[in-house]
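As written, the chain order gives the labels A, B, C, D, E and F, with residue 1 at the start of each chain.
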Amino acid sequence: MPPRVYVTRRFHFSAAHRVYNPAWSEEKNQSVFGPCSGPHFHGHNYELEVTVAGPPNPETGYVVDIRLLKNLIEDQVIAQLDHKNLNLDVPFLQGRIPSSENLIVALWEEIARLLPAGVELVSLRLWETPRNCFTYYGETVEPF
Amino acid sequence: MPPRVYVTRRFHFSAAHRVYNPAWSEEKNQSVFGPCSGPHFHGHNYELEVTVAGPPNPETGYVVDIRLLKNLIEDQVIAQLDHKNLNLDVPFLQGRIPSSENLIVALWEEIARLLPAGVELVSLRLWETPRNCFTYYGETVEPF
Amino acid sequence: MPPRVYVTRRFHFSAAHRVYNPAWSEEKNQSVFGPCSGPHFHGHNYELEVTVAGPPNPETGYVVDIRLLKNLIEDQVIAQLDHKNLNLDVPFLQGRIPSSENLIVALWEEIARLLPAGVELVSLRLWETPRNCFTYYGETVEPF
Amino acid sequence: MPPRVYVTRRFHFSAAHRVYNPAWSEEKNQSVFGPCSGPHFHGHNYELEVTVAGPPNPETGYVVDIRLLKNLIEDQVIAQLDHKNLNLDVPFLQGRIPSSENLIVALWEEIARLLPAGVELVSLRLWETPRNCFTYYGETVEPF
Amino acid sequence: MPPRVYVTRRFHFSAAHRVYNPAWSEEKNQSVFGPCSGPHFHGHNYELEVTVAGPPNPETGYVVDIRLLKNLIEDQVIAQLDHKNLNLDVPFLQGRIPSSENLIVALWEEIARLLPAGVELVSLRLWETPRNCFTYYGETVEPF
Amino acid sequence: MPPRVYVTRRFHFSAAHRVYNPAWSEEKNQSVFGPCSGPHFHGHNYELEVTVAGPPNPETGYVVDIRLLKNLIEDQVIAQLDHKNLNLDVPFLQGRIPSSENLIVALWEEIARLLPAGVELVSLRLWETPRNCFTYYGETVEPF
């Protein structure tokens, strides 16, 4: 039976954000989120790792042509995020607190629907700083 | 159902150790462990990645406030290891050979009991050098 | 019951390759693979992460002596790849298109049979560039 | 004669900015600076390397106690930048376009006056992204 | 007087090469250069750091618009090297042994003549592997 | 006239040390050096960058054969440091406080006398942690 191989491409974007719940007062945002909720925003160089999986095509040796994957995701997704404000400028984040947790779940939806047939989205990993990262495998949990 | 997101924080500590089995002679330690058992110790810049998981809280967008996680683990765990000797100075390593394998299993116990309710410890990854790393998911195996 | 710990060692090799299907014309190779199939080859600094798992031996604290693992794989596997041409020089790649997907599956076979008893091969991860990586867990899929 | 040794400490901060000349119209800013001047800001994980030099003190072996250097610069300088907006929140940047060039020159003035006697500031290097960096040695040029 | 600031942009290319002196026999090449002269080539992920300097323009805060610098060098220089064979495919390397030393000197000539007036080329740094790098400042030495 | 090119090789070693002045009491060492002087040592993964310079040899394209440089310094210098205690085990450090400043000055003497004729030692850079580094160019200063 053919092997299942995982292919990961790393993307980069620079964006501003603040962690801010619009249902709360400015004071409550400051007290809960501290410097992460500064009113004039701060920002990050985000690194995003997209992992897909499938069997290598016997004629090409490729699970997916990584140049196509790169162009697709850069044009359709990264272009919406790079040099933008995650609270104000990104249609697919409207109505969501732009924590990295919420960002990665929203990115899953955006990326999954772009992939060609037969290529499965396996995980997204988002580095917010060199010391903080967030991973999503498309899993759900029992509600709390 | 809410998504399950993994949050990883990376920590750093510098420590001395030697791989040494006190039940063996110095000669046997040298012959089995070689330079890793030099009698005057050597040391490493360890990098520790702590991964927890859970659903993002709808009011904050956070699985856990990563600043709290950082402070908790730095104060309660890293402070016991940084600029210390793993064979001599660390209470929770007493009686254990301080290989990275044993260190990571001991760290699991220390870190798991610190976490707030609802935040699950998923994995620890310890880089001893930029080329050697060790990962633990809390799994057990059949004894050998 | 003893813990199961994962041990990863990172290796490096520099090699030339081109993605090329010998059943196709040169023109078809160019049209499908583009610059990845340049007729005079190109090359990469590959980074290979080998992960094995098992219980730490109570007498040594080691899953495996990582110096032995390093020497075994460098002498038996990396020496066949480093400063070589993956299309022309590597016996275990003969007859395979040297995509990273096919390379990692071939490496699995080479490395698995070298490991000492009781040490399980868990995954291989191959970085072709700092932005592209490939992972294999020894899994298979239903044929397509 | 005593040796002259250079000591470098690396700092990190996350900030928002836009490259914007307030003497110009919004349209001219967009046309000159493009996405770097997006009206809602973007941001970066900046890495700042501070290099000082001098002879090691014979009694300590130190040019400067790097823990003191770290605390001084984190408390007096990095705290003004981290999780802030470089256009709006930083007193020592008021009236300056917050390009990395202007930021590093402003940082030189802030850092030089903090250093203890006998410790010379030699260079600042600022990484705006992993691919763009800016260095300043306190030099001037003939005006253009 | 205006400050002099150094601006560095990092580029990436993947190429094949062999160190080979065509005036020598194949045997002498093997004996002098060893595996670096394998007849079927090997390759690297090269990283190139280009550093220019000058005063920031008071109206933009820029020494040079780094997007222009990036596009210019990628289109005119990197495109000649990426996914190519340095011995066979690169016009500006014809007749030169493609060691990293010779490559960086040839790159100096290519890059210097592209730069806009008022922007001085200061240094090129070429990483052949993560452990080997080569730097050129445009200096000459007395012949030997 | 021939170009002057700089060649850098990066080395790695893991060692234990404490910053300790034997002319002082244990109490004074603790009060001056804090955790850096813990009595049972701590340790680091040191990275050492050795830079030499000269004209490329027209017949080889090399300033120096980097494989020879690597073997020479690993066998003669790194072997004295790796998996050792810098206070107790290293002959060329006897009588010196093993701060990184003093270590790098001592390394200069060890390395300079190993180099073949015509190859000039230009700089040593020692990374003690990913955030602290030390550079020496063989310069002296007026005594203080």
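Note that in this section a contact is a pair of C-beta atoms (placed from the backbone, for glycine too) under 8 Å apart; a residue touches a chain by one contact, two chains touch by 3 or more.
Just so you know, these numbers come straight off a predicted model, no measurement behind them.
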Count of contact steps on the shortest path from chain C to chain F: 2
Co-neighbours of chain C and chain B - touch as defined: A
Angular offset of chain E relative to chain F [C-alpha, multiple of 5 degrees]: 120
Type of chain D:chain E copy interface by residue overlap (half), same or different: different
Where chain C and chain D are represented by their mean Cα positions, the distance between them in whole Å: 42
Inter-chain centre distance, chain C versus chain E - centres from mean C-alpha coordinates, in Å: 30
Separation of mean Cα positions, chain D and chain B [Å, integer]: 34
Chain A residues counted as touching two or more neighbouring chains: 36, 130
Those chain pairs that satisfy the touch definition: A-B, A-C, A-D, B-C, B-F, C-E, D-E, D-F, E-F
In the complex, chain A residues that touch chain C: 1-11, 51, 54-56, 59-63, 66-67, 118
Chain D to chain E touching residues, read off their complex: 19, 21, 23, 32-34, 36, 96-99, 101-102, 104-105, 130-144
Chain A contact footprint on chain D (complex, rising order): 12, 14-17, 35-36, 38, 40-45, 82-85, 87-89, 129-130
